[in-house]
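Next, two complexes with chain A in common: one pairs it with chain B, the other with chain C.
Right, the complex of A and B next:
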């Protein structure tokens, strides 16, 4: 059982490394942000498995991440809006393929 | 077999942390660096959990992945709107790299030369602390003085932040004046997260006396709840002079201070909790501190008052 748990965690960490590569490559800001969200989700999976492997207290940490990992996405939409306080849904729909450093 | 797998897991965690840390400081572009830094906080939480330090993992997770991410992303957006995103000159980077490398070298040297600390026997003092989570006992009982000062430092940080406001904007509500499309994704999320976050945050504080959790972690989750409600445009940010919010800010340190003085009256010393009152006093201080930590952290992320509808931004 522990053998398989270790193996699954290693697999999840592999997928996490893939998401890290996507954060590095981009190219759009949204690509990097979505990859960071994927890392958050994968991290929750790793914590749940660590809870089985080590101590159920890890589940408390997993819950915290599940609740708060989306905070970065909110910060991202705020920063992406024109005045830094709104949200992109308020503007007319259109391509919002923001590259680093430009719009 | 399991030993080899354990080692493999630790090596994988170590490699991921190192790669993320390097990626955060290397390469061009502020946005990428910010996203890598958020990821780094998340991975640190995983590694603390792997090491069995679940209280630290929780603190790192809620602060690193939750609040710091919002703060840095919004700062990056502000720099972009001010057209100030240019990378610093190479000479400054070299100096920063040298300073960073020497700190790393000093830490490596300390790791190999300093003696391992003696394991402190906590069994006897824990029995007198009234709580079962050693982290809570240390923070609110054995070293309560430190925690009291830290809660006041948070307050001082907020006052310092407010001093950055321009005179003309002093009476405006705090922050950039968040708004969102009514019925849009953000405002629905702003209704979804707070009830769950409220229950979880309060539970973290209550459970923190005897297991993983505590006032700081619970307060940070509640700060995120306040922030989400404000950023979704559902709750209005207060003005600097709002009396109810002032009371919430001062409540925690105030109760902590009064409890400390009351302990002199019952025969302990300042902040020395006698075993028979330890549990109720600890829980009272934690509850009051949670409220103040939640409001202080939320207002720290929201920022100083800024004029809305044109002007500064």
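Right, the complex of A and C next:
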């Protein structure tokens, strides 16, 4: 049983290696960001399995990683475009913008 | 729920979870453009994580661990959904500008 879980963890780390390869090659910035998101998800999977193997202490760490993985992508989106990538509240008023109703 | 059955369930479920994770990673590597990669990555990995969490749930001793596992998966789903939308929108903007 524990051998199987170790095997699964190794498989997850293999999937992590695939993500790192994408980070290395990824033509667009968005590809690298996706790989970072994959690393976060794989990390959560590994931590959950480690929690099963040990005394369930790693479960809180997995929870924390689940929360923080999204923050990196949000940081990337905010960095990609200062006005928040089409954030309705902040972006310049365009033709389709019905915010104030006059148009 | 005899001990053996829980172990078998964990083994099967974590195996399926790993298969979906590898499918997501192969999709991330092989797909031609940004959006299909994003699509493959977000869906396959969260399903893989769901199966792994389900497999781990069979080993849980008391319900607080089950609640935490469920919370982890729910948060991962929420995070992946919003992140996929945001990254796709950012990628669309960048492509439009290039």
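In the analysis below, the second predicted complex is superposed on the first by the 81 of 103 C-alpha atoms of A that agree within 3 Å, B and C clash if a C-alpha of one lies under 4 Å from a C-alpha of the other, contacts with A are read in each partner's own complex, and residues count from 1 in each chain.
Quick note on the criterion: contacts are C-beta pairs under 8 Å (C-beta built on N, C-alpha and C of every residue); 3 or more make two chains touch, one makes a residue touch a chain.
Note that the structure is a prediction, hence the values are computed from the model and not measured.
For the composite obtained by superposing both complexes on chain A, the positions of chain B and chain C are free of clash and fit together. Of the two partner chains placed by superposition, chain B and chain C are both touched by A:60. Of the two partner chains placed around the shared chain by superposition, chain C is the only one that A:30 touches, whereas chain B remains out of contact.
Of the two partner chains placed by superposition, chain B and chain C are both touched by A:80.
Contacts of A:70 after superposition: both chain B and chain C are touched. By the document's definition of touching, of the two partners only chain C reaches A:4; chain B does not.
Once the two complexes are laid over each other on the shared chain, residue contacts for A:45 go to chain C alone; chain B is not touched.
Touch criterion met: A:13 reaches chain B, while chain C stays clear of it. Superposition on the common chain A brings chain B within a closest Cα-Cα distance of 6 Å of chain C. Common to the chain B-facing and chain C-facing surfaces of chain A are residues 29, 33, 35, 40, 60, 63, 67, 69-70, 74, 76-77, 80, 85-86.
Remark: chain A residues 1, 4-5, 8, 11-12, 14-15, 18-19, 21-22, 28-31, 33-35, 37-38, 40-42, 44-45, 48-49, 51-52, 56, 59-60, 62-63, 66-67, 69-70, 73-74, 76-77, 80-81, 85-86 touch chain C in the complex. Remark: chain C residues 7, 10-11, 14-15, 17-18, 21-22, 24-26, 28-29, 34, 37-38, 41-42, 45-46, 48-49, 52-53, 56, 59-61, 65, 68-69, 71-72, 75-76, 78-80, 82-83, 86-91, 93-95 touch chain A in the complex.
Per the touch definition, chain B reaches chain A in the complex via residues 1-2, 5-6, 8-9, 12-13, 16, 19-20, 23, 27, 29-32, 35-36, 38-39, 42-43, 45-46, 49-50, 52, 54, 57-58, 61-62, 65-67, 69-74, 76-78, 80-81, 85, 175-181, 184-186, 189, 193, 196-197, 200, 204, 207, 211-213, 217, 221, 224, 227-228, 231-232, 313. For chain A in complex with chain B, the residues that touch the partner chain are 2-3, 6-7, 9-10, 13, 16-17, 20, 23-24, 26, 29, 32-33, 35-36, 39-40, 43, 46-47, 50, 54-55, 57-58, 60-61, 63-65, 67-72, 74-80, 83-87, 89-90, 100-101.
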